[in-house]
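Read from first to last, the chains carry the letters A, B, C and D; within each, the first residue is number 1.
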């Protein structure tokens, strides 16, 4: 498709389902010179359920300013259907901060894709509770900040992190960050913190999932990317995958195979977040992938 | 979703891409009391490409007759955008004829799903070039007809089959039918004959694909469901899948594993065809699954 | 491979790991005219761990009787290495009883494979707590027995089932049998009852796993075949698989997709059991597949 | 498993199949104080076929020198069974040279795994026909050499490469090296050059496989790792994988998804080669993975 990032925009909508929504939205956009290039919708129940919509559209012939478009959409369509909506312009790259501990595989996967131009984001900052990965991060031209984090210093550490991220990050990725963040921290980035957990949740929440998988003798191991909420490993699931294992695999083998899965699953989840493909619906997600 | 087959309808559209199509279609339907429950679209290229659309909608509050809806859609929308379009009503179950030789796995998979109510079709007839499967077919309450087919009798056999199917079948499934049909036969059911081929096409077209796979030492075997055209094993691909194999697998093992894949791949392809999810675009398919 | 069922035998061994086991076993068999066609081994830890071995061998040139072979193996090799071992001859087809409730998909999958000659078993009996499936089962030439089962009648029902199976069944398959069997019943068939559970255990044990999966918004659903122990859904896992789902799938869709997975996973587990490929090791399995 | 690289060795055997081979091999090793930790075997046909064996064993209690073990094995066992065999000691890390053009994803995947200690190899040299990747390679502490390669300079370029590799490389990986090597070059490294091809061979050999896949409308794209022979894209297949695609994917999307697969497939193939898990059998491979 010959779409251009400079002229691509996306509309996400959640509202009560009722007839006429798509007609109203697409007619509004058509009348302002917009060309729709992707449209996905979902209804939890056509009578009395919730309606979800994602539209990707091209704006080279937009007949009003972006600001006017936003204002007019809210006035003409949003209010009428009681919508929760937003329009993002692809030219405004989202800013992604990364939190990491010592395992570097998930972090490096994101940095490599970023360096290759595969991930349309800016990366203002990587924060770690260990100093080890400074060189690896700075080699990509990305700033690194070490903020120690222990049970006693949690509050101070989180304050320092919030200050470091403030005004710089639109969303945060936990690329194997091994500290549990407080509900207080999390609420600053509701539905904007993505975590990669190394099991197919809800199996094996909490610590050491590969040891648990080994002990249970499961024949599949998994990885799960999800939005972080105040409840540990309970947030809305974005993406999951599994790989076959057998009695021949040691715990170290599970970890090695798991790393490959974590990298792939997290990369997909981040890509979908950045392309505005995810709508959070309570403890679940609608992913228009 | 609380949709009812009795009131469900589907619109499929192919037309030159240009702005305003979705707005026109959805506004037309909205004004006639229709509630859209699924909408998928695809554009091969937003400037000058082809546009494809699938809409599923509910008609309990339709304000005109079905016939009037069809006529009005053509007059008001279809002509304006130069559309190739059709509307099917789910209550009118499509009639599926099956052609089969001696292998029964693909045939039985379809009959079982039909018997269980998983496949919304009627099955007026199973035709075979062997008499062997009569009892198995009739046990499902489905008529069986044996029509012999050899190189010398091909023309007569095809005439007999066309007569048997005429007015009874909306589409035809080749559930491991091991005779090659003439271009003449095929053109009676353009984009309406589904074949299951036992390899991941375009690898291993023609006969004995498992022997070929074994000889090549591939690490994956596959199955492909496609629409039949006059060129053998070249028609538009609907669905494919693969399974891992190794040096431990004999040709018989490949056939056994392959049968499971053929059953699943064919069942998915038939389901999508029946639910009006497939649009043929030259030698390719758009599948809104 | 040109192996013949009539002359194929399999040896399964569990014993403390120490040097010399494979040498002793293979030298013993070689000296009695046996040709080894498959050999798989596993050690939980080469120093002080457990050793597992599966040998498939051909006996056309066996120089002693089967009985003498068994006796000699025990005397010469088994005792020396403190082995838990058994030798099965493929000509002695294992007898598989099936317990089922109302869902027929897992039952039919096994009966179809049996009818096609894909499963080398005899099926002496299908028992159900509902009368519904009598005709379907008897159509395959397999005896069917209805034994009602409720909370009040559990003890009597289990006694009746044990009596029906006694001397007739080598192992039992629960093909979606929806009653929980007592520990008392289970211990009659230790490591010889295979259950198919409709989730990727240990996620979603107990009832209604598809509803739970839907509620959690997981992106994968699964199926698990395991040996039954006194603890519900906790027995050693034999095989698992998963399928991708999304927000578009209703609970009914999950059930439909799940049925296909249950059929495949159970069929694989039963095949491996019948081919003597599984050794139970505490709450885990070694599967030489 | 508590095996140590320093004391781990592996035996690979190909010979005519006949009774007594495993007994002779394992008894020989047992008598020299060796502990077998893995054993895999395969027979193309028990009567008159070829026999393949891989043994992994531990040598802390070896009662003779390594040299004496090799000599004695050849004299006592190898000659008797007419074996093609080799024993490798894991402590002697194989030396892997990499050839690459401009695409860096396959190269970087190998370098990252090497840097992380996941790949037990030494990397003496990366050679490229473009200067672009020098900095990326040298950043891993690996020497980089630019050797230009065009149709006219092919002979000189290959001579320069052979000189650069001579005495330094045990095997060569083509990590998206876009030049076709002559049969003359290839025969210096028979069964020791691994290539990653970006399709599921034998479909789409030669150039531009993603364009071909797009044109054919396949629903799966693939990647294949294989040993290089004089015939382009025809060498023995080591590993393959596929990923689902649809009408929504542009050629660029196929390339992006393909890159992820190529990285994974090549990494698995290299790992198996390095762990002596692959035996080439004519135009096929036996992979004891």
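Keep this in mind: a contact is a pair of C-beta atoms (placed from the backbone, for glycine too) under 8 Å apart; a residue touches a chain by one contact, two chains touch by 3 or more.
Computed from a predicted structure; not experimentally measured.
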item: B-C against C-D, pair bridged by the larger set of C-beta contacts; value: C-D
item: Angular offset of subunit A relative to subunit C [C-alpha, multiple of 5 degrees]; value: 180
item: Centroid distance [mean C-alpha coordinates] between subunit C and subunit A, Å; value: 42
item: Euclidean distance of C-alpha centroids - subunit C vs subunit D, Å; value: 37
item: Multi-partner residues of subunit C (each touching 2 or more other chains); value: 1
item: List of subunit B residues in touch with subunit D within their complex; value: 42, 52, 200-204, 216-220, 222, 236-242, 246-248, 281, 283-287, 289
item: List of subunit D residues in touch with subunit C within their complex; value: 1-3, 19-20, 22-23, 26-27, 29-30, 33-41, 43, 45-47, 58
item: In the complex with subunit A, residue positions of subunit D that touch it; value: 1, 104-105, 108, 112, 116, 118, 139, 250, 256, 260, 264
